[in-house]
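Look for chain A in each of the two complexes below; its partner is chain B in the first and chain C in the second.
After this line comes the complex of A and B, so read on.
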């Protein structure tokens, strides 16, 4: 269907971030929703109080991702950006894809074992994907800002993906 | 003899009117897109039902939450892209120009002269009923979750309010056009309601079995 193909095309654009209009012009929020739900599902059940069966963590991840994206968008709009609200949300949501891939890899590595070697592997994978996410989103978002404000826009994006990467890296299954 | 003829005439007139009423009623109450109407209500109502019964159905909070999120997103997509267009002839979307500015477009389908493409009343009623009551129910859920401190459900409820409220707002903007059309639309609607009450069931007998009543009373000799 038309919408599914559009979502798939955007995923491809995130993996190879050239300056394309597909991500910016025809925004949609289905991809970010799918990524958010799958990331939250993979991150649940990973902390000390398992009596709540991972309930609060699911909602936490959801809220952190969406609230963080909204705050970054507001920040970039207040700094005078030319990009619209939903376009910015779309880009930020789609650029969570590399981190979702990192989460998948981490879970597979943790199935094998949870020693120092697995931690080093996970660290490398997560740092690489974090860098990819940040570079992809700044490639799309930073162009809409005047040049002396680029750092002010890039810093919250960096922080946002850093928090998500931290959640992924410190995930230990029960 | 003369009385018989006149009673036949009156019967014929009444039957003819009953026929006309039946066809008018069938055009108004025929549902042209039963699948769309069903899905319009199905996703919304099942999201509400799952939210209410989640504690009974399964002990896993996450399964409930994911199910409700899936149902809400399916409902948003279906109502925005399919059922609004089919049932009431309205659509709305966001368009980004070449120079990067985005604006929202609201459109309503023009009513054609022969009236064959007009939407039926029953479909329109189903559409607006579903569209208006469900966001109100989600707002009630939001307040109840807030005041009973069940904060973990707040994310789902807020999502429900936002998605269904967005569809409601979009379709109301489509219907109303711009702000200053609202009063003229309201007066038109009230005027049409008034005319319908006056002309429709007051003078004609709606079904065939009661048409003998006035003919009997009009001809007391028989």
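After this line comes the complex of A and C, so read on.
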């Protein structure tokens, strides 16, 4: 119960990113795991025409999120960042929350139809959530970087969330 | 003590005469260790030989070895060893990218921008960006090309991302490895004056791929002529960066081997560009008429039926 409350508190922190150190001090990876699994599950069932050209498989989404988070953490540590390895993974994983919400919204919109209007709605929602994710993670991570290398650390985070947003936006049901 | 003083004064006198005769000479005194004159030598020599320095880098390779010895002193299983490859600031990365996009004729990219501080940040993240740019742009371009057709069902083509990643990372790491091995082998035979470390070659290749990122985005335009013009342009720019970097390293070799090496570098670079264009971007079909033409046909049909 205590762990659940901690996870819930972190979710709230991500939705309203203030520069608090609670997220950074007590890291846990439950939240990122739950988010990653639900995102990967929601990305299934799309246009897999039994050809290989469909969307990402479950394992691919998993690998991209975790491997991407590890690479970004390594990158920020190699550039001289002072944040610890698991703290950075925790922050990057939790900041996938807005994009998971976007995926949920996209699936609901696609139930209603898949024409141009639904595409525009999905585009707006995904772009907004992508911006929110990137800003939230940057707000948490930016302070631990040396000042003249901030852009070098923020760019891979931008790329990471861009790839996830692309996967969400291009999801087309059968 | 007096004898030592006499000795010192005499040496100073000699040194003064020698300096008057040859201003660039080293001065050696008895109680100084042997390394310092070498440093003084390097520093005295540098302003005069800067033009040669940039292309040939004779002195620079001495300094490079010294600096390399000082920098990478941590054993390779520690984290600090790898941290030395990421010792760049934002403005340095931006400068290197600028240098790869606007090659100045006659200036060597490695000497001018890298200056014995090769980084792995640029090559790694430029390759990652390129992989995703090519995959996303290819997907978008195919979507727009096939947009009108009733039988077309959009697929995200996610498998192509892994293929793009394998190709681009293999190119950016295996070709420099092969080139470095080849240059080392020729160096042992011919005693070239310029030699690059493996990381510097990886650095040049990584940064030279940057121009393909905006090119890939512009390849969304479904016109064959535009795509080929863009390809020639970017191939010219990045190819010239590579050629200007590696020509000083091979020009003292046998003429045919030098030309063959530089030719191979350019051909491999061209193959990468052509291969990416052919595989990830469907050809804009010529038999399916563009939206303007059906209206034209309809109007001619109407005029004919009158």
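Quick note on the criterion: the second predicted complex is superposed on the first by the 164 of 174 C-alpha atoms of A that agree within 3 Å, B and C clash if a C-alpha of one lies under 4 Å from a C-alpha of the other, contacts with A are read in each partner's own complex, and residues count from 1 in each chain.
Keep in mind that, in the parts below, a residue touches a chain if its C-beta (ideal position, glycine included) is under 8 Å from a C-beta of that chain, and two chains touch if they have at least 3 such contacts.
Keep in mind it's a predicted model, so treat the numbers as computed, not measured.
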{"item": "Chain B versus chain C as contact partner of A:119, first or second or both or neither", "value": "neither"}
{"item": "First, second, both or neither for A:151, with chain B first and chain C second", "value": "second"}
{"item": "Partner chain(s) touched by A:80 [first = chain B, second = chain C, both, neither]", "value": "second"}
{"item": "Contacts of A:25 with chain B and chain C, given as first, second, both or neither", "value": "first"}
{"item": "Which of chain B and chain C A:11 touches, first, second, both or neither", "value": "neither"}
{"item": "Contacts of A:171 with chain B and chain C, given as first, second, both or neither", "value": "second"}
{"item": "Common ground on chain A, meaning residues reached by chain C in one complex and by chain B in the other", "value": "52-56"}
{"item": "List of chain A residues in touch with chain C within their complex", "value": "46-47, 49, 51-56, 60, 75, 77-80, 148-152, 155-156, 159, 162-163, 166-167, 170-172"}
{"item": "Complex contact set, residues of chain A against chain B", "value": "3, 24-27, 30, 33, 37, 41, 44, 52-56, 58-59, 62-63, 82-84, 86-87, 144"}
{"item": "In the complex, chain C residues that touch chain A", "value": "79, 82-83, 85-86, 88-91, 93, 121, 125, 128-129, 132, 136, 139, 153-160"}
{"item": "Sites on chain B touched by chain A in the complex", "value": "59-62, 65-66, 69, 73, 77, 81, 94, 96, 100-102, 152, 154-156"}
